[in-house]
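You will see subunit A twice below: alongside subunit B first, and alongside subunit C after that.
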Partner chain A sequence: MTTARVAPAPIARPRERRIGTRLFFLVAAIYFILPLVAVLIFTFAGRWTANILPDSYTLDWWKQAIGNPELVGSFSTSIVLATGTAILDILFVVPAAYWARVRNRRLRPIIELGAAIPFCLPYIVIAFGILQLSGIVVPGLQGTFLLLMLGHTAIAFPFVYWAVDAAMSAAGVERLSEAAEACGATPFQIVRRVIVPNITPGLVTGSILAFATSFGEFAMAQVVGRGLRTVPIWSAEALRSYISAPGTFNQLAVITFITFALLFVLSAIIVYWNRNQTLRLLPGAAAVAETERG
Partner chain B sequence: MSSGVSLQDVRKSFGSVHALDGVSLEIESGELIALLGPSGCGKTTLLRSVAGLEQPDGGRILIGDRDVTGVPTRERPIGMVFQSYALFPNMTVRQNIAFPLTVRKRPTAEIKARSDEMLELVNLVPQAARYPNQISGGQAQRAALGRALAPAPDVLLLDEPLSALDALVRTRLRDEIRRVQQLVKTTAIYVTHDQSEAMAIADRVAVMNHGRVEQIAAPPELYETPATQFSATFVGSRNALELPVRDGRVSLGEAFSVPAPAGSSRAVVFFRPEDVEVGLNGVGLPATVEFKIFLGATSRLHLVTDSDGQEARFYADLPSRRAVALVPGARVSVRVEPTDVRAFPAGG
Partner chain C sequence: MATTAPAEAGTVTAPARPRRASAQGWISRWLPALPLLVVIGGLLLAPALLLVVQSFVGTNGLTLDLWTRVLSSELNQQAILTSVVLGVACATIATIVGAPMAWLISRMFAKSRAGWLALLNVAANFGGIGLAFAYIAVLGTQGMITLGLQGLGIGFVPPRPSSFIGLLAAYSYTNIPLFVLLTIPAMGILRSEWWEAAQTASATRWQFWRMIGIPVLSPFIAGGWLLIFTWSIGIYGIAYGLAGGGGAAAISLITLQIGNILGTDVFGAGRAAVLAVLLMAMATASLIVYRWLLRRALRWL
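Up next, the complex of A and B:
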């Protein structure tokens, strides 16, 4: 990535402040990157005793992790689960948020109350609630992948809702929606052609949050998805069996790092792919883009 | 190609507020009518009702011969321009203009030809590939006008289209909108709170107040003979004085004397500052110049008189060349032709 040239500040900042800003940025970068570096080093660590860096390095953990069918299995389960959760959440939240904002504002308090529930109740309580209810209504779904995905959709929905709703507010969807309607667009065309393209930053943020929520969720996966092996479930089991099977932590580090890299690359791709879009949608960003071109 | 609009006893309330209190209006085909009034008078609600963005509680709205009262917005033969432009940020100027045709699934060749025509019409050919955040406010509103006209609507609806623009662009774009409207001969409803804008652009002006149409008239008629006190206050800048009625007449000393409106003891009189004749020859009512404001070609004198022991203040506009000697404190005499004075019952 090249250094972005931004519009010159109207008044040159004093040197001390510039140094201060850089120092702050450096500290923040270390704070965020150091744990990842540690995880990465751990995946290659052979013997690691009292030194800052490992005594020896090895590729064994990577080979073992990738060659471990249980680990690979739980990893792919988690990926499918988290992707499905993110997609379901977007499909559910975008029309709902649009409707509550543009067509019937009386729905907003109801949705917002619903969005508060996953924050008020521990996931384990919600999980047992889902277990009880599904036992009465749809006993056939119990213990299935689908029910767990629906459960994750429910707990991740507030993140998606707030991200999407904020993006809708920033884009002024009420106004755009009326304009599109006056142009003869149907509600589906409005959402598809006008609303969605103008809230992409919110969609990206929301789906990454939903993905991450589902990927790292433990309690519900344990209770609702009985028998399903997700990465957190596998990790918990690995923790328990650490003494008997040394190296599982290193394998866990491998999976953690792969997951992180995947999410990072994913968001980088989306951000890069949307960069013009994002620039168009950010107030004042045009000036910056102008400078970049010139 | 365009058709007239007929509004019949249109009513709309928001809670206890009567936004539209039985509005009836006949708009002829190809006519540009301005809805003029202060904020909250119902003019925007009326426009949005024609668009279908508000559903009236009662009454009928006809476009041509078709009753559109319950018809959804997207099926009405309208084009709309909003105060905030409301261009789609994810589309270029060309795509914005083509949007009404795209959603109606017109053939590609037709969309191309029609958007070229519209870009030409609103003078945006060089900006066709730009995005809304890369063009000026005036250009954005022209793009919005092109978008509204692209499907060749029967009625063009404009909701304060110039309010977000600065003064210079405003007059230019006002004339531009008028030119385009006359070129495509579409019926147009233009909402504004600016009386000079309304008079400059419209064939007829409907003055609205408290959800009703107070007067509908061509701009010169509205300017010269306001039918109600509200019209008189709202249109043009006028002197307003409340005076007592004596022997069926209302007068301001020797300045003027006109018949009073029937059955009232006090009357409000309106007269224009440019109709006040200021002289130094002693004919008329003596007055003192309080202060003078230079406006360029004309100067505005703020005058104070003592008529029947009652102080009255009003102002007079006269060519700046003639006002040179009239410094604050100067004594002058004023007269107003009785035909230039309009009297209404006080308290109405």
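Up next, the complex of A and C:
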């Protein structure tokens, strides 16, 4: 056996050698980055008539945006709404996910089914359903901040559930829980002292996803939260009036850019907390795998 | 590459407790999950079921009246057709661009892979009204590219934001990254050993892809296509920002029709319910096919 074994070539040739691949990624990078750059430039643009860059620059739009009570109001509404949504989701999901793992296996398919609803149904459909149902059951709640927050909690819960459940699986909560139980801890103590500290990445990821979902959500804010002004609602109005009130258009650039920056920071936090993340397949794959195993 | 599944299989689960008929036993099994179950039931399940019921109820009992009225309206037919065509176009573009992109990114070195994932993650989450604004900032009549090209003396007329092409370009901005992020993990399934084995059997690269690579990955890619299709027909925010209230010239979509009826027509709830149930039916059908695809896909794990 003296024939030298040739190391097999990798499935993909090293991409550096392929000019086509580089071009593909260059175009993709421009496509993804350009809108963000354009929004940023719009926040500083003075007169802008005939070139790829503005004729002059100004800080006026930032000053106007920060001094615009409607805009600032909608921003704080959205922050409170999104924070409340994230907190409610964690409070609802963590005990349920824990219980589904350690006490009651029958909970799992029910939660998975519930998670499939906002996953596949358009938000405007869910929002419309909530509008109709609340009109019959709790007319007093219609158009309130509370109902909108509950609606956001409902549509964001799958993201929180999947993140928390994956973290619970990785932490092996069943064994942790048994050990704690053997030491005489109550279920409440177990969750607070043992489970929560061990699923921090899931909690961080889940609550950020819930926050982001709520912060950018438009359909439900329009349909359920009639009259409430969140950032997307304010933005939609400003977008429609961009011919009649061009100044608002540049303020819209400011708030869009701030939203984007917020999103970017949140994404970075998620990436940081999940840097040791194991392979995660298409959403719902874990559940299907589980039912397959019986 | 470990999935979450083996970890679960390895753990010792608490043995199922014997059923107790007492109320206390019931409480101890369900109580901690009750708030979430109430949210699921009251804010997701019940509203959806209510819409189904409302779409079949007329002034005198159960009827198909609303359905025939909605489906015979030319505007609604147009909206349904446009939504489906737009969904198919979006999903197909996302697949054609996204699948090779996911493959190439999955084979990158860790550092550039992380960079691309971060960029795609941001783009995938940058949707709704903000994206509609960004579109206008780039390709509107006063947009950056429009002005830039015109400044160079090129007579560039950008697609109107409310046109089919305009919506397609805007939707793709979030759809392509979503597709890539959804399918990247699946790319890890294609094991290097299989390529080595194929080479040992003196297969060409093309043969490897045709006989092994694509068949193994296709359920995941089809699943990604289906999800993008389902999400695209349900998008409301971007469409509203770009085409909402644009008058007769604006494109009509199912979601825009629903929003329009809700915003302007006090007695239109029944008709909006029909359109909503139509979307629900399409989404449910997609989800069933999607689960079936996943089951096939997971054979290779």
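Keep this in mind: the second predicted complex is superposed on the first by the 216 of 294 C-alpha atoms of A that agree within 3 Å, B and C clash if a C-alpha of one lies under 4 Å from a C-alpha of the other, contacts with A are read in each partner's own complex, and residues count from 1 in each chain.
One rule holds for everything that comes next: a contact is a pair of C-beta atoms (placed from the backbone, for glycine too) under 8 Å apart; a residue touches a chain by one contact, two chains touch by 3 or more.
Worth saying up front: this structure is predicted, and the values here are computed from it rather than measured.
**Q** Of the partners subunit B and subunit C, which touch A:V194 in the superposed model: first, second, both, neither?
**A** The first partner, subunit B, only.
**Q** Based on the superposed arrangement, let me know which partner A:I79 touches: subunit B (first), subunit C (second), both, or neither?
**A** Once the two structures are laid over each other on A, A:I79 reaches no partner at all.
**Q** Touch test for A:P232: subunit B only (first), subunit C only (second), both, or neither?
**A** It touches subunit C, and subunit B stays clear.
**Q** For A:V223, decide between first (touching subunit B), second (touching subunit C), both and neither.
**A** second
**Q** Under the stated touch criterion, which partner chain does A:L141 make contact with: subunit B (first), subunit C (second), both, or neither?
**A** A:L141 contacts neither subunit B nor subunit C.
**Q** Now for A:E178: first (subunit B), second (subunit C), both, or neither, which partner does it touch?
**A** In the superposition, A:E178 contacts both subunit B and subunit C.
**Q** So, does A:I110 touch the first partner subunit B, the second partner subunit C, both, or neither?
**A** In the superposition, A:I110 touches subunit C alone.
**Q** A:I66 contacts which: subunit B (first), subunit C (second), both, neither?
**A** Neither subunit B nor subunit C is touched by A:I66.
**Q** Per the overlay, which chain contacts more subunit A residues, subunit B or subunit C?
**A** C
**Q** Per the contact definition in the header, classify A:L262: touching subunit B only (first), subunit C only (second), both, or neither.
**A** neither
**Q** On subunit A, what residues does subunit B touch that subunit C touches as well?
**A** Residues common to the subunit A contacts of subunit C and of subunit B are 172, 175, 178, 280-281, 285-286, listed in rising order.
**Q** Where on subunit B is subunit A touching in the complex?
**A** 51, 53, 72-75, 78-80, 82, 84, 86-90, 99-100, 102-104, 131, 133-134, 147-148, 151, 157
**Q** Taking the touch rule as given, give the residues of subunit A at its contact with subunit B in the complex, in rising order.
**A** 171-172, 175-176, 178-186, 189, 193-194, 197-198, 277, 280-281, 285-286
**Q** Tell me, which parts of subunit C touch subunit A in their complex?
**A** Against subunit A, the touching part of subunit C is residues 1-5, 7-9, 11-14, 16-17, 28-30, 32-33, 35-37, 39-40, 42-48, 50-51, 54, 97, 100-101, 103-104, 107-108, 114, 116-123, 125-138, 142-145, 147-148, 150-151, 173, 176-177, 182-183, 185-186, 188, 190, 192, 195-196, 199, 205, 208, 213, 220, 223-224, 227, 230, 233-237, 240-241, 244-245, 255, 258-259, 262-263, 269, 272-273, 276, 279-280, 283-284, 286-287, 290-291, 294-295, 297-298, 301.
**Q** Write out the stretch or stretches of subunit A touching subunit C in their complex.
**A** Where subunit A meets subunit C, its residues are 8-12, 15, 21, 24-25, 28-29, 31-39, 41-42, 48-53, 91-93, 95-96, 98-105, 107, 110-111, 114, 116-126, 128-133, 136, 150-151, 153-155, 157, 166, 169-170, 172, 174-175, 177-178, 187, 212, 216-219, 222-223, 232, 235-236, 239-240, 242, 252-253, 256, 259-260, 263-264, 267-268, 270-271, 278-286, 288-290, 292-293.
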